[in-house]
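Take a look at these structures.
The two complexes that follow have chain A in common; it is paired with chain B in the first and with chain C in the second.
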Partner chain A sequence: MDSIWKRLLRLLLTMLIVSLAVFSFISFSSGDSSSSVLSEDASEEAVEAYRKAMGLDEPFAVRYLSFLSSFFSGNWGVASDGQDISFLVLSRIPATLSITILALLMSLAIALSLAFLSLRRHTIGRALTTAWAAVMMSSPVFLIAIALVLLLSFQLDLFPVAGYVPLSGGFVRSIRSVFLPSLSLALLHSSLIMLMMRAAVESNLSASYSMVARAFGKGFSRIAAIDASKPALPLLAILSGQSAAAFIGGSAAVETLFAIPGIGSLLVTAALRRDAALAGTLVMLIALSVSCISMAAEAVSALLDPRRER
Partner chain B sequence: MRNKVLTAVLAAMVAAILLVSCGGDEDSGLLRVAVAQEPVSLDVMITSSVSGRNIAVGNVYERLFEMDGDTIRPVLATGYELSSSGCDLRIGIRSGVSFHDGTLLDPEDAAASLNRWLRSYKGASSITGDASFSVEGDGIVISSTSSLAMLPVMLASSPQAAVIYPGEAIASAADGMPVVDAPGTGPYRVEEWISGSSILLSAFDGYWGDKPSIDRISYEFVPDPVIRRLGLESGQYDFIDNVLSDDIPALEKVPGIELHQGDENGSIVLVFNKKEGISTDVFFRRAVSLLIDREELMRACYGSYGYSVRSAYMDGKDGIWSVNPDLDPYGMENREEGLALLQDSYDGTTVRILSSNLTDLDRIAVALSSELEQCGINTELIILDWASFMEQRGNPSSWDIYVSATGSVPLPLEKGYLFSDSPGGFDDPSSSSIIRALSTSESMEEAASLWQIAQIRLWEYVPVIVPGHYSTVYASRSISGIDLSDGFHFRDAVML
Partner chain C sequence: MRRRVAGLAMMILLLVFSVSFGGLGVVDTSLRLTPPSGTMPFGTDTLGRSLLERVAAGTGTSLFIGGIVAIASFALGILLALCCFIPGFPRRVAFIFADAVKAVPSIVLALFSASLSGPGILSLAVSLSLAHIADIFRTSYSRASAIMKEPYIDAARCAGVGRMRIFITHVLPPLLPYAAMQSVSSFLSAVIGEATLSFLGCGVPVPIPSLGSILSEARSVILSSPWMMFFPASFLLLLGIAINLIAFSLSDPDPASERT
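The block that comes next holds the complex of A and B.
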């Protein structure tokens, strides 16, 4: 029970620290949202009225406290363009969730397949998967994305080049629209998961219980899939949690490239428009989601390996 | 084990193939347009973003007048009458026009909208002063102490568009904030705006004028030029904007794709700081004007297409405002004369060149810096994002020349850099008095002849250098009748 309160306190502190950091960074950067929203030739009267309506003429502390009060009361106020922040954020969540779930499933499918296919040392498969992982991890995600578009959209005409179809536009169309962005992220993240899972399973294969299993006549594949993999599942849970957390807030480049309306691209837009309230709200929500995912991953990991709880 | 993994991989591949084969797009009757930028707001009265204007003006919201070449054509107005003194303007408002929510347009809506526009737009107040519109019968009137002859032109084509919203929408918006979701009177209504993704317009059945032949237009925000091009070539998009110069030769060879170059959309300006520092010296400004290679500056940003090198401030080579560029004594590269002027005016201080990274303007700043360095001028480049750039240029002690782009405007007095309160300042009494006279001209002809004099004087004063004018290049497939004056519009377009 104590641990839950400590975690909640830590979560609250994290949210406050990140929001304060982002709010300060945007507020003290040169320029404000009037230059993004209003015309270059706007009258002084219009600029002053806008700044007053947005509270930009208030001191920093007043603005930050007002933001915190709005956030915790659930009334998040309006963004620099006059739109309701809660509407903007809620409209972006489905795309981010779709990409996160699909990219995570793809990452696991790719990583686990390649890890098991390359378990045996000194094989061509192992050399190829290791090289593949090195290439994927060192490639910028936009390069992987462009290569996928060229191959799967332009040459083979299998998926749309860009754009997002919400679930209300049909399940298949929606999944197709996020397939390439998810695959781009999955290729990047699967490499790390593959290497770490392979190393863990390999290490377990040389453990004494694997040797005993082999002495009892179990085949290599069976030992690898069951006896050596089971102890690696807590690691898999942690790695999955880390990847999911990264997809939630860190996929702005992919979202921008594929014109997907997600949380990451909204955060970039908010920063460029000097919209401190919107950016602050987004980082609070991202911090909350990342913390929740981490806690869930740790809980699953502890469930799979009770020694971790001690 | 290995077999199981292979089976799983095969199953995943089959699922992917099924996914691909099931996903037929239901896009019949829909025009898909890929645009580079999402508008910040559709309140085109307070923003002047080109992306917002292309989507909203004429489609969703309409002005009282619009320009048809050099002629003013009534849209929501029935016409206008100017008193013999030119100081009183009456505009008749069309009856029987419905907003998208079914309410009828009345003169109160027009007066409320235009008064908000007058308060928001600096260019308008240079003509009207403190005057405002009021309702009179079935029209609206405005009276000023000086001539309002230029006002109808401004109403027809100002970058901050003088469109008409319902009076209630203006009253309900917080003072100073953009109007959100206001119904318009145009042939299309906004069916859906998915923030960060697209805006879908659908034809408005109750439109008062000729109905467009295209039922729905989806403007999709695709910032990456490579993705826009691939989308056009693969048939996902019917029209794309901002085609890269490097892509033009390849796209010209693709069957079924048509390239379009619109009217001049605006000009590049190198604005001198006339408040502080080295640029306050007119001889230094003239020297820079003679030393730079304008073609190279424009090429740095636009490549081989989509611009013209001409030092006249107004866009359009043959319009009413055109002035013979040969009359610009500092408008062509003349290294020897430039170096001579530089010797007398330059003391070795570092010239700070400020620019934003918006739409590749920083490339022009880099080219300018390189050219000036080659002439022996020490330079420092300051490249910032747009918001920081706007803040920095307001501080005259932090820059000497800033590089920017100005959109096309219908009247010279809408050029922001000609105002004394502009970031670069303006302290030439001779030019100022001509521009003041121009703003109160009694006819367009009189204004145009005054501009001839003003432009020549401005070339001597060199408040800015205009190295050239740009025109956006677009590409389309299977559409005809696109209107490319002042952006791109599909009201008269037909999908083939």
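The block that comes next holds the complex of A and C.
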């Protein structure tokens, strides 16, 4: 285990690298945000004036350094369409956060129940769940989402096709609006968690302590649920952390598909508009939250596993 | 073993399909959105192009990008890992790179790096492979450093075997099965990543057919022309299943050393 300072230093370095990478990707690619913000037939002078106002005529190093200083001073500046970046980002967080939490809960519920139902080898349930997981893991998440929309929105009319209702608009309506995006993410991630957890519990079932438990007369399901699952909990913490990290920013396709104003769809906008400042800010924030999540997951997994504390 | 053969056979069939039917399709707006028929087996898209040709060519694009990513991440990941054992190689820099790449979801990185040097299949493939190069580098390095501590490496060194030769004969072979397994899964994630980026409009540039962009086109006409969704989606799924069959069969190359 590295010291906390070393970790923080690494985190800072990581944030600098990813922001520098994204900043330079956008800056050195052809075209800049002027072409997407101004209309097609904007005059040369208008483009020049826009570039000057946004600081796009400055050399790369100056732009990147001024971006960094504004990021770390807390005043994140304006996006290419003139909106305040900090306001823009803050307004996008609730949607992504509720999708992340709901998707994580759903994946854990689906994964754990399927893992325990299919614990016994050579059963139909096991073959079915394995095949199900394989199909889910072979398809992009937007395809799962489209299938869910066709089934649950068009056919059964259970959930809205698109759009986001904030929590202030009523709890049930808000959950309904993020239900399908979360479910499509959960179907993908639960498959991986299910396979890993099932393998872990299965190998624990053949461990000596499970045999002892059986010798004491405990039933199979009780051993599976308690004695064999407990040693798998640290793994579960790590897997949940990985999934949660992937939901932040990685849900761009789902958020765009369901027209949900979240961090992921903001990223897509930033990429399409070639907005370096917005993209840099977002990527730094994502790197920060991903690192925090993985540190938290590691901490939880160490807490759950007394052997890891030296 | 049977799975691997099935998966490989499916991949080859898909490749043959894409090579024999692939094409850009002829724009003919009078034929737009015609349902599947004898002349147009998959129907036509919103511009009246044959969906069969576009889906086949899109499958080819997916296979091409997946192949490049798999090969690049396999070769570069192992190369980078072995380079770290050469004295004077900036090992820390390599690890910082790997850390940084891991800190953002790969799709986010690809979203932006695809815009570098203009849109194109190759820049897309490079950006999609970054995360997997880092992955393979990391695991290969940790396995290789375990191998480097083995007594037979010392023995070889004492016998006067050069560093290059030790790498090639002793260190490299045991790394290959694991890296191969990871590169198969990088194939899948590249195919999915390309489809997702193209679906979002940030993937391969417009004239090149891609399953993702056909699917995003199909989204607006899904209720009236379901075939536009059905065929590209099924081929994407078939491709994914084929790769997963291979990946599952490789996933346990050496059960004895599972716990290292």
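Convention: the second predicted complex is superposed on the first by the 306 of 310 C-alpha atoms of A that agree within 3 Å, B and C clash if a C-alpha of one lies under 4 Å from a C-alpha of the other, contacts with A are read in each partner's own complex, and residues count from 1 in each chain.
The rule we apply is simple: a residue touches a chain if its C-beta (ideal position, glycine included) is under 8 Å from a C-beta of that chain, and two chains touch if they have at least 3 such contacts.
Please read these numbers as outputs of a predicted model, since none were measured by experiment.
Asker: Mind working out whether A:T269 is in touch with chain B, chain C, both or neither, as first, second, both or neither?
Answerer: first
Asker: Spot which of chain B and chain C makes contact with more residues of chain A, would you?
Answerer: Per-residue touch count on chain A favours B.
Asker: Looking at A:Y64 after the superposition, I want to know if it touches chain B, chain C, both of them or none. Which is it: first, second, both, neither?
Answerer: A:Y64 contacts neither chain B nor chain C.
Asker: Just checking: does A:R10 make contact with chain B only, chain C only, both, or neither of them? Give me first, second, both or neither.
Answerer: Only chain C; A:R10 stays clear of chain B.
Asker: Contact-wise, after the overlay, does A:A253 reach chain B, chain C, both or neither (first, second, both, neither)?
Answerer: After superposing on A, A:A253 lies in contact with chain C but is clear of chain B.
Asker: Is A:L150 touching anything from chain B or chain C once the two structures are fitted on A? First, second, both or neither.
Answerer: Both: A:L150 reaches chain B and chain C.
Asker: Using the superposition on chain A described above, determine whether A:P166 touches chain B (first), chain C (second), both, or neither.
Answerer: The answer is first: A:P166 touches chain B but not chain C.
Asker: Between chain B (first) and chain C (second), which does A:W76 come into contact with in this model arrangement: first, second, both, or neither?
Answerer: In the superposition, A:W76 contacts neither chain B nor chain C.
Asker: Show me the chain A residues, by the header's touch rule, that chain B contacts in one structure and chain C contacts in the other.
Answerer: In chain A, positions 29-30, 146, 150, 154, 256-257, 272, 274 sit in both the chain B and chain C interfaces.
Asker: Touching chain C in the complex: which residues of chain A?
Answerer: By the definition above, chain A touches chain C via 10, 13-15, 17-18, 21-22, 25-26, 28-30, 134-135, 137-143, 146, 150, 154, 245-246, 248-250, 252-253, 256-257, 267-268, 271-272, 274, 279, 283, 286-287, 290-291.
Asker: Per the contact definition, I'd like the list of chain A residues that touch chain B in the complex.
Answerer: Where chain A meets chain B, its residues are 29-33, 35-46, 48-54, 78, 80-83, 88, 91-92, 95, 109, 113, 116-117, 146, 149-150, 153-154, 157-164, 166, 172-173, 175-176, 179, 219-222, 224-225, 255-262, 265-266, 269, 272-274.
Asker: Tell me, which parts of chain C touch chain A in their complex?
Answerer: Interface residues on the chain C side: 96-97, 99-100, 103-105, 107-109, 111-113, 115-118, 188, 192, 195-196, 199-202, 212, 215, 219, 222-223, 229, 233, 236-237, 239-241, 243-244, 248.
Asker: Applying the document's contact rule, which stretches of chain B touch chain A when the two form their complex?
Answerer: 1-2, 4-5, 8-9, 12, 19-20, 22-23, 25-26, 34, 40-41, 43, 46-48, 119-123, 125, 159-160, 173-180, 194-198, 220-224, 226-227, 230-231, 233-234, 236, 384-392, 406, 414, 416, 421
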